[in-house]
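Look at the two complexes coming up: subunit A is in both, with subunit B in one and subunit C in the other.
Let's turn to the complex of A and B:
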């Protein structure tokens, strides 16, 4: 394999890895905040992709400009899912871990059904966009513009998230709530409100990822499941709850996936990622940066 | 005085316990007999099919319940063991002419060994980390089988047509023998659970589930307990997979190893009452007919209505009855005693 081809593989893997990190970080954030794994996370992504598709179909506005609206929509959806479902799941007196798993699993299946009902199981794609189909040629390495856009957005979002967590009252309230849920009530922080905002934020983050992904990926009711497993692996690899871990793990996952596809048939490219994940958690059960 | 009273009360308790256990067996026997009579009344082939699948998933969920319910290790990767059973039986029968009865046991043994090999690293993981690892491992298995030509790859393997015969477990004309096989499998898994429940393993598993650290400090060998539960659970899951392969007579990776099988094995137990003797059966009796019937009537044309009903049901039960549907009866029994 030539050096150029290798650089090509690494560059593509890196960009996809940044997008994986963006998909996964919301999941990690919610877990870090309240120890809940959202098994409908992939379906949140799917909703964001359909929302982008639907808005584009109706308005004809380019997906790049639709991203803020999709993000806002997902924020509302995340907060509503917390207030309408997860809040009650956390009150369960028995089998609380199980209730959370199956309440969010049920939600995932419900969302799949709804999207199939409204959009049919057909594969959809957005065509004639500013970025779609264009590539950037950097010294013989071809990089598709949608992936470059995704990578840049991901870096900007992680930067913004860092500022949000460290510089704002909301970020501090989030951090305080994850440290000690009981104590924050004493200083006048409404736990439910922080959780609802946290779910909104987590969903908004995957909403941005969906708006990016919709530009270059087929949209169908099962698309969430494709990315969900990668997101769980990314989060578990980086360590549940760690934002920085999600970024590092996302990039690793993207690179390993791209390199595996060179060695093995591309239908097996996920095996490299899964094997790496298992190797890491067997040595470090709480992932690379986990705080179990 | 007290020394004379104490053994008596303990004895009385033990007698009450033994008679309750005996009563449970008698009730179970009556229920099994009633179910065995069902094919006399259900003559519609479609409904017979639903009954067979219900019994099969009751048996599978009963097996899952041993590890997930009693021992508290939520596996979402049992499709792997189901697939090993299905493939072992099919390959041995189709390629080498080995009887499915033997293939079934071979698949069960392979699964049990596999569960031990996987349990060794996986049981160090806790909570969600464990569940996600099981999903990932099952997914690796699915991908490997997909690309494994010896196992038919993505195309799968078709069972040859043969005469209806108990020796080869092939019944093309009449599905009733499959009904009795599935019922038999369920009874076996029920009995295994029944006897293990009050054995040393049963107590250890519940201790491990409730608090592994406390269990370890009381001398429970936590790791060995989990391994035993995993091996028993995997063995019977594989037998279920072998049965399914014979029943549908054609298998491919998606039809026996897809993630939805892992979910369908866990859900009945969760729905009915996790870690209870009858939970998986009650859950399967509700869930599987709903799944099958909505799929054939509301799922036609891929409208998604079946998924909407199914997803809502799972969510509502998880939120409204966290201890499962059986807990309704338990509560009413308690209040009767009180009144």
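Let's turn to the complex of A and C:
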């Protein structure tokens, strides 16, 4: 393989990695806040993609401009899922982890089924957008504009998250709640409210990812499953609950996946990512940036 | 309610009088022909199952109601050999999972008492379902699973009326040889195939044919189905830049392949696809503008309607249900049920062994089907060797023209596709 082709693979892997990070960060945030793994995370992504598609179909507005609306919609959905389902699942007296897993897993299957019923299992795709199908050619290395856009958004989102977590009261409340849920109640922070906002934020983040992905990926009730597995390994690799671990891990996953496909037969390309994760488990069981 | 003796006696008499009616109703039910159908109704290929349901229901309607079509099995209401018994289809979802397929087949046989099963799109699922039907001694019709290994397992109850991928791939290479004779330059091919039995079997045949007929293999990429990204794979295709790209992909990967090729600025000189995803309307709806000139192997051609007008009628009936034209997959599913109904008609029985014997003796002329086949006659391995494949070229706006073989062709191939 020529140097040019190798640079292409690395550049594509890097862009895809930033998008993986963007997809994974919401999952990591929710886990860090309350130790709940949202098994419907991929379905949130799928809903965001359908929302983008639907809004685009109805309004004709470019998906780039629709991203804020989709993000807001997913924020509401995330908060409602917490208030309507997860809040009750957390009240279980025994096997609380299992109850949460089955609650969100059941939700995932419900959302999939409803999507297939209402949206049909036909594949959808958004066409003729500002970015879709356009490619930046840098000396023979092709960088698709939708993915450059996704990468830039991802970096901006992580920057924004950093500011939110470190500079705002809400961010500090999030941080404090994850440190000690009992103690925050004593200083007048409503735990339920923080959790609902946390779920809203986590879903809003995957909403942005969905709005980006909808520009260049097919849309289908099963599309979440394709990305959810990668999101889980990204979160585990970066360290459960570590927001910036998700960024680093997402990029690593993107690069390792792309390079594995070059070195090994492409049907084995997921092997590299999981082998790397197993390696990390041996050395740092809680992930690269997880708290030990 | 309290009963006196007389009332009790009366009710007993009434029950005795009603009993034969109950038995009659039961006898009526027994002449209903229950057929199992195993398709992906959920999961990433759910649309295949939804369309298959429409195709098979269209066929069942044509069998059960009285249509005047020149189709084997269409005349008269119901199955004549069983006194006009109606076909009832029981659908099951295999979710593209061979183990779920096996379990569903078992359930259909033991609980729904089906007398035969039709399936399954995915060759990997057909493999497990046909092993199950063999064990229970009822026929399995692989309507649209095309892996050649399926009929080479010495199964007594396995039948496939359509072509398999060796026949399809041979047609592709025959076509390329013909183009070469016309002075077109075709030196190399690139194989791009998914990693289940469909893709691997398809590529094994294509490798063999390429070696035999002197085509260089510029790239041979076995990729992981349903990957989130195919960039590295397409980069390798681009580096190889073969004269013909031969993809064997299901719908998801077909869409992603085409999108990624466009993103990386790679326009293959020609594509000849092993159908599957590349015969699905949804692929052409989403990325069709980049596929004009694509050639796909097929089992069906709407162009044939010029010679057999009843195909138009069948297509209309199907379209009324499904909202789309018959394609490579749905035409084969439709035909599978008619062939099965014909066999049950001649067997005059719903016994698995007798239907099997009737299928083995089937000889249906191609003109009495909607397919471009010479005839339907199964060999001892259950394969119909007379199912001639066709090659179709995509001309845009969800339309295909038949370009090969010459007897079926209505237009010359545009070659190279991106000229």
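Quick notes on this one:
By our rule, the second predicted complex is superposed on the first by the 289 of 292 C-alpha atoms of A that agree within 3 Å, B and C clash if a C-alpha of one lies under 4 Å from a C-alpha of the other, contacts with A are read in each partner's own complex, and residues count from 1 in each chain.
Keep in mind that, in the parts below, contacts are C-beta pairs under 8 Å (C-beta built on N, C-alpha and C of every residue); 3 or more make two chains touch, one makes a residue touch a chain.
What you are looking at is a predicted structure, and each value in this text was computed from that prediction instead of being measured.
Per the definitions stated earlier, placing subunit B and subunit C onto a shared subunit A by superposition produces a clash between them.
In the superposition on chain A, A:84 makes contact with neither subunit B nor subunit C.
Of the two partner chains, both subunit B and subunit C are touched by A:120.
With both structures placed on the common chain, the touch criterion links A:159 to neither subunit B nor subunit C.
Look at A:218: by the touch rule set out above, it reaches subunit C but stays clear of subunit B. Once the two complexes are laid over each other on the shared chain, residue contacts for A:142 go to subunit C alone; subunit B is not touched. After overlaying the two complexes on the shared chain, residue contacts for A:68 are found with neither subunit B nor subunit C. Applying the stated contact rule after C-alpha superposition, one finds that A:13 touches subunit C and leaves subunit B untouched. Contacts of A:258 after superposition on the shared chain: subunit C is touched, whereas subunit B is not. Legend: residue contacts after superposition of the two complexes on their common chain; A:268 is shown touching both subunit B and subunit C.
The intersection of subunit A residues touching subunit B with those touching subunit C, taken from the two complexes, comprises 112-113, 116, 120-121, 221, 225, 265, 267-268, 270.
On the side of subunit A, the complex with subunit B involves touching residues 31, 37, 85, 88-89, 92-99, 101-103, 105-117, 120-121, 221, 225, 229, 232-233, 236, 240, 265, 267-268, 270-271, 274-275, 277-278, 281-282, 285-287, 292. Touching subunit C in their complex are the following residues of subunit A: 1-2, 5, 8-9, 12-13, 16, 112-113, 116, 120-125, 127, 133, 135, 137, 142, 144, 147, 216-218, 220-222, 225-227, 230, 257-259, 261-262, 265-270. Only residues 42-47, 50, 195, 221-224, 226-229, 231-233, 235-236, 238-239, 251-252, 255-256, 259, 262-265, 282-283, 285-287 of subunit C touch subunit A when the two sit together in their complex. Per the touch definition, subunit B reaches subunit A in the complex via residues 74, 121, 124-129, 131-133, 135-137, 139-140, 143-144, 146-147, 259, 263, 267, 270, 274, 302-319, 322-323.
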